[in-house]
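Worksheet: the structure to be examined is printed underneath.
Chain naming follows the written order as A, B, C, D, E and F, and within any one chain the residues start at number 1.
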Amino acid sequence: MSSGAFYEDLVVGDSFITTGRTITEADLVIHAGHTGDFYPHHMDAEFAKSTPYGARIAHGTLTFAVAVGMKSMNINPNTMTYGFDHLRFPGAVRIGDTIRVKVTISKVEDHPKNPGVGRFSEHVEVLNQRSETVMVFEHIGLITRRHPQKS
Amino acid sequence: MSSGAFYEDLVVGDSFITTGRTITEADLVIHAGHTGDFYPHHMDAEFAKSTPYGARIAHGTLTFAVAVGMKSMNINPNTMTYGFDHLRFPGAVRIGDTIRVKVTISKVEDHPKNPGVGRFSEHVEVLNQRSETVMVFEHIGLITRRHPQKS
Amino acid sequence: MSSGAFYEDLVVGDSFITTGRTITEADLVIHAGHTGDFYPHHMDAEFAKSTPYGARIAHGTLTFAVAVGMKSMNINPNTMTYGFDHLRFPGAVRIGDTIRVKVTISKVEDHPKNPGVGRFSEHVEVLNQRSETVMVFEHIGLITRRHPQKS
Amino acid sequence: MSSGAFYEDLVVGDSFITTGRTITEADLVIHAGHTGDFYPHHMDAEFAKSTPYGARIAHGTLTFAVAVGMKSMNINPNTMTYGFDHLRFPGAVRIGDTIRVKVTISKVEDHPKNPGVGRFSEHVEVLNQRSETVMVFEHIGLITRRHPQKS
Amino acid sequence: MSSGAFYEDLVVGDSFITTGRTITEADLVIHAGHTGDFYPHHMDAEFAKSTPYGARIAHGTLTFAVAVGMKSMNINPNTMTYGFDHLRFPGAVRIGDTIRVKVTISKVEDHPKNPGVGRFSEHVEVLNQRSETVMVFEHIGLITRRHPQKS
Amino acid sequence: MSSGAFYEDLVVGDSFITTGRTITEADLVIHAGHTGDFYPHHMDAEFAKSTPYGARIAHGTLTFAVAVGMKSMNINPNTMTYGFDHLRFPGAVRIGDTIRVKVTISKVEDHPKNPGVGRFSEHVEVLNQRSETVMVFEHIGLITRRHPQKS
């Protein structure tokens, strides 16, 4: 959505796709250090040879947090996160893969209690350089209304 | 769960709680840089004065990724993540808050297709220094069976 | 400028201002580590008491690089940097100050040799929370033409 | 200049060259995160294949800030930065390139208002492992006088 | 030692070995930035070709600090560090090497003055993926007694 | 020692002291992430209230690695580290403390096997802003001889 959008501007089905970002070995090291998750699947190249992937793969939380960051570069201060649902990882992200994030508005609705904001859902897909889906999740957000709802 | 546990060792209702970690201004800066999420709610102390929280708060993705990291310090190489559900943020994490993570096994079941592993769910609560719940989510994992299932 | 803009879309005098970012002690530590510049004006709180500022101040290169980053969040892949001129620091950035970046297009011109791109200049001002100018510089960029110039 | 030098010690034409530093993929990731500049020229290996460089290149602000850091390792607390002029990038810095910084004093002059300090300019060249110049700039600094100027 | 162990639980000769961690180029960059140690043996790929190792090697302080971190993932809040002795580096750690840490309790003794704690020594070996010892050191720690010593 | 010094230039008793560096909360966060050492003495402000120090203190490995970095800013490519002995921590480093490093050459001797280098020891003291010694250690290094030893 454009950076100054309000509730009234959202249309179900609207979508955008971000520019790409290559996930590097440095990202895995930084994520491990930031979170404390040093699982050998992500940090131990020898161990990783014995896994089905045959190499280190990105933490699921890394792919998720970076995807949220990528879709947030066009800052819209009218929005806030309410929650996330159904995080799944149909593919692995390997060091050197380049991901893009596709965001589609899937629901727009009144907020049950707060007349100043509305609620929206985004279906988010993380795609690699071969356009394979490596992660999906739903983002539920709150967004200011241009014209507060009458009670 | 203990670091060498297998499927057969899991018991619904078992729980543990981590040691604490203080969320610092540095964590917000590192998370913004790692993900690219520079939303002013997290990065702009002046803007934040105008929000309901009155001050910068941690990114939801920060609290989530750090909580997963905190519960992963006791590495069990027999486990892998399948997905996460229902991430919600009943409270805000402010700079200087100290969080702990409480993990409770909520489900243990056969894997529908793979006889070598089982599936488990953990209910995860993130608590602050006043024992208020600031985040909840469900973690779904896969874990190796000590004795593969007979078909 | 909007993220898909071409040469033909640029208008001298057009300007925009970014959202804010609070410069933290963590930013100074990260900048020192990234660059190797551990000058005591930025890193030694005791020494800094003896300077005219009375406290640690941000590296000039920090303010500059972060300002360029702030104005680059709305990615326009049609543009590239050619150079920068006249970096000056009329004010100091202290830990805790919040900066915004104001960008004004100051020149748009044909490229002397390359008919596929044009050249533009931006006058960039870095403002603190009291709207004082703490840094200025000129950014010279190249931008793809929608319609290549005829020779 | 040596680390305890004063105004009176500076000689136009004096120069030094630093030891080398290899610019790594990690440096690009850290710089993007520190500044918020995630332009695909630096962060997207797939996009970069389509550019004239054929691969990711370092941010101009990275090369500049690291070069200033490299020439600042020998700390002289008697000096401060006044400004920088004419930053140009005659060559690209690729991941794996090793840069050194050559600094030549180009001007030494009285300060127009402050009798306790003098002003000096340094011509700074950033060289890669093939001794190609990849960046140039002028650094203007202030330096304490051993003997304050008489009025 | 297990994470809730007390003085009374320690047995000379007990040992454990950690999971592995691959030392990356990013680790060298982060360590240099964190400490300010930009020696060309670690940071300059061209210079490193001229050394006996023929390539960049990890800082000794990096291997040491990471090894202490690796052996500390299983947090035991009953312990504290008193000192370290005899740090030696029989082998080099190259970028891409994977290290594990083997810890053996070598001494358990009363504290000369404090009846509430005991003192223990650990012999620590850092091994690479070929099981070569690349570093050794002695760690001297203090640990709470379950039953304070009678005077 | 000066940055181009050889074995023949070393004199027992010579000493120097570095400029200062303030240890910040960001340094503790970065060190924990770099090493994986998230002990609550360093990372949990609530737990730390219950310790004798009453507040979070720097990791011993942090103070050590930063001190080695501080004394290494004046790069002498003729030297290499052989080992470290007797690391002790007579005082705690709290967030906000400013440390300097005093280095005194304590021994200079032939290398038993290698005629091209000599061996030297440095006694290293880390001092805080009240000139209290918070850490000591011995550094043993190797240094190239200007004139190789005759056999």
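Note that in this section a residue touches a chain if its C-beta (ideal position, glycine included) is under 8 Å from a C-beta of that chain, and two chains touch if they have at least 3 such contacts.
In this text the structure is predicted, and so the values were computed from the model without any measurement.
Asks: Can you check whether chain B and chain C touch via the same residue numbers (shared by over half) or via different ones?
Replies: Comparing the two copies, chain B and chain C contact each other through largely different residue numbers, since under half are shared.
Asks: Taking contacts as defined above, which has more of them, B-D or C-F?
Replies: C-F
Asks: Just the number, please: Cα centre separation of chain A and chain B in whole Å.
Replies: A distance of 16 Å separates the two centres.
Asks: How many angstrom lie between the CA centroids of chain B and chain E, rounded to a whole number?
Replies: About 28 Å separates the centre of chain B from that of chain E.
Asks: Just the number, please: Cα centre separation of chain A and chain D in whole Å.
Replies: The answer is 37 Å.
Asks: Would you give the residues of chain F that are in contact with at least 2 other chains, written as numbers and ranges?
Replies: In chain F, the residues touching two or more other chains are 19, 21, 24-27, 29-30, 32-34, 36, 38, 40, 47, 70, 73, 75, 77.
Asks: State the interface residues of chain C toward chain A in the complex, per the touch definition above.
Replies: Chain C reaches chain A through residues 3, 19, 73-75, 77.
Asks: Within their complex, state which residues of chain E touch chain C.
Replies: 30, 32-34, 36, 38
Asks: Can you list the chain C residues touching chain F in their complex?
Replies: Residue list for chain C touching chain F: 24-26, 29-30, 33, 38, 40, 43-47, 56.
Asks: How about chain E: which of its residues touch chain A in the complex?
Replies: Residues in contact with chain A: 19-22, 24-27, 29-30, 70, 73, 96, 98, 129.
Asks: If you look only at chain A, which of its residues touch chain B in the complex?
Replies: 21, 27, 30-32, 34-41, 47, 59-62, 64-66, 68-70, 72-73, 75, 77, 80-89
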